[in-house]
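The data blocks that follow each hold one structure.
In what comes next, subunit A is part of two complexes: it sits with subunit B in the first one and with subunit C in the second one.
Showing the complex of A and B:
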């Protein structure tokens, strides 16, 4: 317990220092917040446009109507903003620390190295999307044609966090490969590709091309469960068929975290530092 | 058992040999040549509690690699090491709470924030209670005279000021062992002196064990009684600084001042003439024959003054370094991984 409290304190100091730094460069902070929010608004506008032509997405299956899909978009925003605020800047910097030998200092500290590397910077500006997502979610929920139960409301944030954990695991695993590769600058590309797949309902992946894709991104690289499971949990009435998906999401998260821990630890053993 | 104990510690790297030109780069996509670089080659060393030991050696001799091995930053290829009873590369928190590493060319403080914010972070990471933290920080801040700079962002500090802050950050948890890798590199004479003064005082007062690498002889002369000379990844000398001259210098410097402007013309028979400023001459004489040469000079000439001195320490060490470098065929081969190291093998993969 003392250990946990100590880790929480360290994290709060990371968060505080990051905020102090962000506030020092307030114009940069504002520009980052506005650009990230603008991107989200453009995305939302795109879907509003789509729903001006159709009633739902994924017709012929368990389709998503407009307000259900707004819940889906809000979920995407929650997951993305949390990953981008807490993990993305750190994963990106990790590659650079490996290349320049800056990782030396992280290895000296009497604290879990993965914790230190993963959380030492917080990008507060990325949380502007989180605030916007709260508003969009509130709007969508009040327009749904049914009311979610308390169980659904409570399970939702838990599954959002599981989604964040899956994304984090993928990201830190990829960043850790820099130790073996010397340089890995594909992190942003990777993020773009992966989030592109994860931000659509599973139902659209059908047919000879879609089904293998759905299986690949559900069972091998489980990014499709990241948004789909929590969004479905809140946006639609609970069906027994979804139970297995919820259980699978839990197992996939645990497996992702364990795998990423293993990759990170193995990679650290191969760290060779850089010239002083 | 010694506080620091190294037995046959070795570290080698495999390094990709990039060939020049586009054609070679394209070929390198399919087949690459690697070389094994031996950065540290079987070092045996014991350091006792409270010692202040200097690692001396040319660039790439293996000094920094040894410190990184002892800090647990990298793992060895062979051999064993124990510091405070711990194997460093197991990276146990109990060990990491008891030592610190300061690198003159790397910065661990948050660049955009005042140093005091980084100090607070260290307080949390090392779990230092508020009272001890405040007392240690204040003591170090006063010793290094940086109180007025605590609220200034690190990026706006001078190099010397930044190094002082790095030292404070490293010492906040009161480490028992301190590894210093060129802490005064790039600093002006005054800043170097201030850091030396601080380290001397701190080490004497706290009785901690310090291993220092530096290229500045003044650092070493001012701080360390014991010097370990490393060349080509091996220890070639372990003893006092003055002992280096006895071991590595083959000559002495003989200065003669002749009386009545009677300077002889055949000075070369006494030794190598270094300088002539009539009526004074400086000769380099083999230390084994210095007594004979002096007798012969006194028998044949009238002298006004005479002195026999050891050559300057810097000169002797430069000679040792250049010997070790000229005997290595790969002086620049390992520059990416700690400078000059020895190539033992060339393989293709």
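Showing the complex of A and C:
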């Protein structure tokens, strides 16, 4: 327990230091926040445009109407902004640490290396999208056809965090492979392309190519459950059919975290210092 | 004159050899870049299924997919990775001095090295492009366009390359005044992605946005060539579009020359 408290305190110190650093370059912070917000607005603009031509995306019970889809987009923004704020800058730095030999310093510190590598920098400007997502979510919820139950509202943030954990596992696993490869620029592109699949409702992947693709990105690399499970939980009435997916998301998160921990420790065993 | 051509030829050859070092990475990277198209196919299929129409804004589902594939070709011509940031960096670290003391024109040199970059890119990327277009040939429901349309398409692609180059080099040269252009470049890339038509066909936009895209040159970087190929822009409209695109290229060449001349006058280099 004291160990956990110590880790929380270390994390708070990281967060404070990052905030001090960000506030030292205030204009840069503002520009970063505004540009990531504009990116979100443009993405939203694209969907507003689509919904000016159609009522739904998808058919029948699988259809997402405009406001349900806004819940989906807000969920994407929540997950992405959390991943970008807490893990993305660290994963990017990780491969540089390996290349330059700076990882030696992290290994010498009396703290779990994965924790230190994953969380030592927080990009506060990425959280501006989180704020925007809250507004969009509030707007969408007030326009939904039905009112979600208290259970749905309580389970939602939990499932968003599970989604973040799955994304984190994928990211840290890819970053760890740079120990074996030396450098993995194209693997980062690979990460963006894979997560691109998670940004749409899973029902759109159907047909002879879509169904195997949906199964692959649900059961093997579970990026499709990241956004779909929490978004569906809040945007649509609870149906028992979807219960299995919610249970699966729980299992998939645990499996992803365990697998990424294993990959990380295996990769560390192969680390050869580059500096000395 | 011969010496001049020989110099430029040598520059082009050196740049070509430099670029060919990473051909494997190029080919794989190009193939991966098509992955988002896969999700677009599914997205638009779901949209059309829900809308219950065969056309949205004058495009069928196959047209949309063909459009996205064609914008990939346009972007292969008009995107200029790290051109502006490279110029700004050279201004900042003083490397730009070499163009002031050597009898080589900076903009000309950069243009040639970019041509070399693109030639190598196409030499390697044609294979993944051909593979994807062959696999997706059914989306091109009208087949190949008429020869004159194809000629206009090629012309618009070449001009898209020039437009992309001169736009980015102009942003890079803002570095003479601001030194750091990365945030400005990010804003440019953001607008470029949206208003060049990479995200969706620009003729879907309602008023007043449709007027906005007509007033800025970004549509010529991705939307215009793709729309020409698909036969969306024809007859006098096509001729007018090509003329406006050429006008933008000329205006930007002039702007580049002015910016360079003013920038060099402002620039101060210290040390060795």
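Heads up, the rule we're going with is that the second predicted complex is superposed on the first by the 270 of 276 C-alpha atoms of A that agree within 3 Å, B and C clash if a C-alpha of one lies under 4 Å from a C-alpha of the other, contacts with A are read in each partner's own complex, and residues count from 1 in each chain.
Basically, contacts are C-beta pairs under 8 Å (C-beta built on N, C-alpha and C of every residue); 3 or more make two chains touch, one makes a residue touch a chain.
These numbers were taken from a predicted model, which means no experiment stands behind them.
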| item | value |
| --- | --- |
| Clash-or-fit label for the pair subunit B, subunit C on subunit A | fit |
| Which of subunit B and subunit C A:10 touches, first, second, both or neither | first |
| Superposition-derived angle with apex at the Cα centre of subunit A and sides reaching subunit B and subunit C, degrees in steps of 10 | 90 |
| Which superposed partner A:46 touches (first subunit B, second subunit C, both, neither) | second |
| First (subunit B), second (subunit C), both or neither touched by A:177 | neither |
| Touching partner for A:102 - first (subunit B), second (subunit C), both, neither | first |
| Partner chain(s) touched by A:114 [first = subunit B, second = subunit C, both, neither] | neither |
| Touched subunit A residues, subunit B compared with subunit C | C |
| Which of subunit B and subunit C A:196 touches, first, second, both or neither | second |
| Subunit B and subunit C, minimum CA distance [Å, superposed model] | 6 |
| Sites on subunit A touched by subunit B in the complex | 6, 9-10, 13-14, 17, 20-21, 24-25, 101-102, 104-105, 107-111, 113, 116, 269, 271-276 |
| Partner subunit A, residues of subunit B touching it in the complex | 13, 64, 68, 71-75, 91, 93-94, 96-97, 99-101, 103, 105-106, 108, 110, 112-113, 117-118, 120-121, 124-127, 153, 181-182, 335-339 |
| Subunit C - residues contacting subunit A, complex | 25, 28-29, 32, 35-36, 38-39, 42-43, 45-47, 49-51, 56-57, 183, 186-187, 190, 193-194, 199-200, 204-206 |
| List of subunit A residues in touch with subunit C within their complex | 28, 31-32, 35, 38-39, 42, 45-46, 49-50, 52-59, 63, 186, 189-190, 193, 196-197, 199-201, 203-207, 210, 213 |
